[in-house]
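In the two complexes below, chain A is the common chain; its partner is chain B in one and chain C in the other.
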Partner chain A sequence: MRRNWFRRFTGVRNRGINPQGFHVSQLKFYLLLLPLAVFMLLPIVFIFSSAFKPPDELYAYPPRFFVVNPTFKNFTDLFSKMSSSGVPVSRYLFNSVVITLVAVAASILVSSTAAYALSKKRFKLKQTLFAVNTVALMFVPIAVTIPRFLVIERLNLLDTFWVHILPGLAMPVGLFLLKQFMDSIPNEVIEAAQIDGASDVQIYWRIILPMIRPAIATIAILTFQAAWNNAETSALYVNTESLKTFAFYLSTLTTATTGANAVAGQGIAAAAALIMFLPNLIIFILLQSQVMSTMSHSGLK
Partner chain B sequence: MPPKTSFQKWLRRKGSAYGFLSMYALLFFVFIVVPVLAAFLLSFTFFDTIQFPRFIGLHNYIALITQDDTFMRYVLPNTIQFAVIVGPGGYALAFLLAWVLAQLPRIPRTLFALILYSPSMTSGVAMAVVWKTLFSGDQIGYLNSFLMNLGIVQEPIQWLQSPDYLMTIMIVVTLWSSMGIGFLAMLAGILEINPELYEAAALDGVSSRWQEIFYITIPSMKPQMLFGAVMAIVGTFQAGAIGVTLSGSNPTPQYAGQLIVNHIEDYGFLRYEMGYAAAVSVVLLLMVLFFTRLSNHLFASEE
Partner chain C sequence: MKILRRNLVTLRLREALHGYGFIALWVVGFLFFTLFPLIETFHYSLNQVTVTAEGIRLDFVEWANYTRALFTDPNFIELVIGYAIETIVSVPIVLIFSMIIALFLNLKFRFKGLFRTIFFLPVIITSGPVIRELTAQGATVAPGIANTPAVAEFLTQLPRTLRNPVEYLLTSFILILWFSGVQILIYLSSLQKVDKSIYEAAAIDGASAWQTYWKITLPSLSTATLINAIYTIIALSHFSENKVIQYIYDQTYAVQGGIGYASAMAFLYFAVMILLLGIVYLFLAHQAKRERN
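And now, the complex of A and B:
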């Protein structure tokens, strides 16, 4: 009995890649990871802690990292506040929610239809177009902010709802991951459906979409992060205050670095930062196993 | 009903493929291809957004190399320093951490992966709140208070306004949030490797874990390594706004944290010299292209 117990932690099966259980040789990895995990988590714990701090703790000297008397005051303050131009904070949040939902849905539709064509259809430009998309993986949007501004201006998209959505929809990484994942679906499945007389749209909707759920979850997360965290679009392309996003509102809170505004705003800014961060975290936790199974198809050959 | 004309035939066979592609292709063309081409074309012009762009040949590029003192003295060295540490550094760190995580059973592995990945979920604007408090320049700042308690510094330091520290803080903050999608891809890649390869290697005399990494792990997951590399390169250059976010001003204090991305914004949106800004954009895109080519050479799969 004792021997078996001992073997559980020293057995060969528990060594090396992807072990089944604990092994003494893993201790060194835990020792390495634990301090690092603490370092990675500190700033995030700090958001949680600050968001619930009452004012006297926010400006206490010496500063204290953890909250002692947690309160929701920062959150109630945040939502009773108006921006300097008279738009209530809930309006920014509402915009962000709507924009993010539409962007995620549209991005799934746009990328998955294109991935279906590139993965399962035969046509002349297929290889070329996929190669172009692969090159575009290294596209750095921030580098072409200015020509993008000119394009958006020409299309009369400035200061509209759609300027939040459209420019981000063509996401090369998203298409790439979806296409690679779709390649793992055997062609026989589709041929069988064709013999049964299914149309392309039916195949896409009834067969492909249910089979690529993990990849869809992954690009949903990527689009979610991009859209939800986007403050730049509001700053560069939108003038109407009531069309701007929550992320943008948060950035106006943090740019006030000096004076009374900075002092008053710190707790509110922390509360807003927590509201920004939490949805990202929750969605990733819910979908992480899907993301990992998509990532195993992510190789770039 | 059988199709009649050849167009209908084409439509039936190939048309749907193009139909499925059309939405993505259109958006890709409008928001990626056109801006890149426009940047390229504008880089040969003088353009102040009011008058029509005037062709001036290579003048912008020549000015960039010979006259732009700020670019040569601060922006280029800063960008190279930042990119070399954050790019390969963050990439190596991501691989090593992924490898370490792969040595753990599933539940602790998932937990640690989540913790390491979570910083990359945060947005720049949300984290600005945190960095500004942690690195605050007065004695209420956490870092100052901590160091003063230990007696390491006597006076509070203006971390984010000081040219001596801004770059270091930018690098730490960016590395902190660099365990992103490339890291997850490499973790998945390591876990996918057939365990029999390791057994075979052990029989062939591969004994240490380091040998295992170099002879088995990396060669078996080159595609994921390449994907991770591309993501690291893009992430590095994309992270360029961090200096402005932290210091709250563009240009950053004494140009200490000025990266090429900030230089583009400085000329494009603050001085309205769009043609010149476009030339700088093209240089940035070429830098990304160069580094991606380089990693292609390192990790190309032999066919």
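And now, the complex of A and C:
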């Protein structure tokens, strides 16, 4: 019995012996995983519950986790602020949606093609490029804000739609993760395709991309968040109000109020955080099945 | 023979050209928006930078910004040391936690998919509005723990050098675990790539599960461990609530600080990060290499 437990623990899978459905012997997994899972869910529960908290609960000490008297006041405050602004909210939302969609698609294309080259092609600068990327990955992004501003200015991108999208395309984390995933695709698969007369583009599109779907979904979730939550670009590089993003708009609403009325500001911030967070959660739920399911039968051993 | 060789060369050249073709888009973006600004930042770090109405004025000051950060600034070094200790404490915890969870999630039981999803959730927690809201409300630390008499007593008994890491560990344990989403995924995917016949062979040879874990599972995860360690360090260092980053950011726009000084600090911080990565690499790369051979 003990041995069997260890064997399962260590990942030895004796196919056909394990029960397909629920069995009492699986109880121990739940005993360990359930509390941890609850614990992982807490932040989500927290963000939902704090958005509905009345001010006295937001400021309660010690902080209370669940909301006791849920109220929509935070949201009505937020919406009344929205309706009093000059540019309609839908404009910001539209900007954000378009920017996020384009940014996600384009950055997946850029980093996956680059990762394919770095992982499966042989050329001179390969090692250097990957090393440079890994080093760049480590550099603090905020320190390059001002030089980046100058580059953007020189490229005449200031105050345009593109400034939201272009700087984020060559995302070092994306390349790093995708390359690591591609490294584990056996070269034999690609050689077999080459023998069958597949071109590079075909190999990339028909073999590599389907095989690294979990990694791509992960990158998509990460880029989506980066693009959707990005308020900085609007603050730094964009002057025209109608080109700014929803994230920026919400951040102005919350910071403007914290100065004048800190108590109401906190509530509005909590409501805004929930509104900002919801798309992230939705994208996560949509894409996570890609991450989880394909990993197990992606044609690899 | 000669023809064959020439063919080989052109084939190789063609492959290289295709390689460059695939990576070209990325290189252009990288040069403009990452590498060039980075070099420019280094240039700034050697200057006193003043923003005037006409543009940016640079006065060359050699390494003065660096010496200021290292020897004069009372906050910077302390923050960086704090960061380094926190990272060294956090990385093994994240690695061990995510490995254990990945091992569990690789087993067969009901609702496995649901659990996998839940443990992947940190990916959307640690970035963006959630964590900002959580830290704003003080939910990432458990202040109560360090104040309970028994723990406080325990902490005062510890030697000074150990006290900070242990206290950090106790109060921020929750936060550390929320950094493990992608890591669990990487472990899971490399667990699934382990050849099952190796386990079968081991079982036939009478290896106990304990032995199997140490001799097969763990070594085959060593590459994943290295990747995860790098990823964890980077995630921790770029975390938006990271104190060093906030300090650098504040100094950029502070009167006594300035862009030059902030750039110098960013490079010093960068150097510390490289150092940490170097340590991790020394620990783990040896293992990873042995596995590959």
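By definition in this document, the second predicted complex is superposed on the first by the 183 of 301 C-alpha atoms of A that agree within 3 Å, B and C clash if a C-alpha of one lies under 4 Å from a C-alpha of the other, contacts with A are read in each partner's own complex, and residues count from 1 in each chain.
As a convention for this text, contacts are C-beta pairs under 8 Å (C-beta built on N, C-alpha and C of every residue); 3 or more make two chains touch, one makes a residue touch a chain.
Predicted model only: the values in this text are computed from it and were never measured.
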item	value
Touched partner set for A:129, first chain B, second chain C, both or neither	both
Contacts of A:207 with chain B and chain C, given as first, second, both or neither	neither
Touched partner set for A:111, first chain B, second chain C, both or neither	both
First (chain B), second (chain C), both or neither touched by A:254	first
First, second, both or neither for A:166, with chain B first and chain C second	both
Chain B versus chain C as contact partner of A:227, first or second or both or neither	neither
Shared chain A surface residues [contacts with chain B and with chain C]	18-19, 21-22, 26, 29-30, 32-33, 36-37, 39-41, 43-44, 46-47, 50, 62-63, 65, 109-111, 113-114, 116-118, 121-124, 126, 129, 133, 136-148, 150-151, 155, 166-167, 169-170, 172-173, 175, 200, 204, 222, 225, 228-229, 266, 269-270, 272-273, 276-277, 280-281, 284-285, 288, 291-293, 295-296, 300-301
Residues of chain C defined as touching chain A within the complex	12, 15-23, 25-30, 32-38, 40-41, 44, 56, 101, 103-110, 113, 115-125, 127-134, 136-139, 143-144, 174, 177-178, 182, 185-186, 188-196, 199, 203, 208-210, 212-213, 216-217, 227, 230-231, 233-234, 237-238, 245, 248-249, 252, 259, 262-263, 265-267, 269-270, 273-274, 277
Sites on chain A touched by chain C in the complex	3-13, 18-19, 21-22, 26, 29-30, 32-33, 36-37, 39-41, 43-44, 46-47, 50, 58, 62-63, 65, 109-111, 113-114, 116-118, 121-126, 129, 132-148, 150-151, 155, 166-170, 172-173, 175-177, 180-181, 184, 200, 204, 214, 218, 221-222, 225-226, 228-229, 266, 269-270, 272-274, 276-277, 280-281, 284-285, 288-289, 291-293, 295-296, 300-301
For the chain A and chain B complex, residues of the former touching the latter	14, 16-22, 26, 29-30, 32-33, 36-37, 39-41, 43-44, 46-47, 50, 59, 61-63, 65, 109-111, 113-114, 116-118, 121-124, 126, 129, 133, 136-148, 150-151, 155, 166-167, 169-170, 172-173, 175, 200, 204, 222, 225, 228-229, 231, 236, 247-248, 250-251, 253-255, 257, 266, 269-270, 272-273, 276-277, 280-281, 284-285, 288, 291-293, 295-296, 298-301
Residues of chain B defined as touching chain A within the complex	14, 16-18, 20-21, 23-25, 27-28, 30-32, 34-36, 38-39, 42, 97, 100-106, 108, 110, 112-119, 121-134, 139-142, 145, 149, 176, 179, 181, 184-185, 187-193, 195, 198, 221-224, 226-227, 230-231, 233-234, 237-238, 240-241, 248, 261, 264-265, 268-269, 274, 277-278, 281, 284-285, 288-289, 292, 301
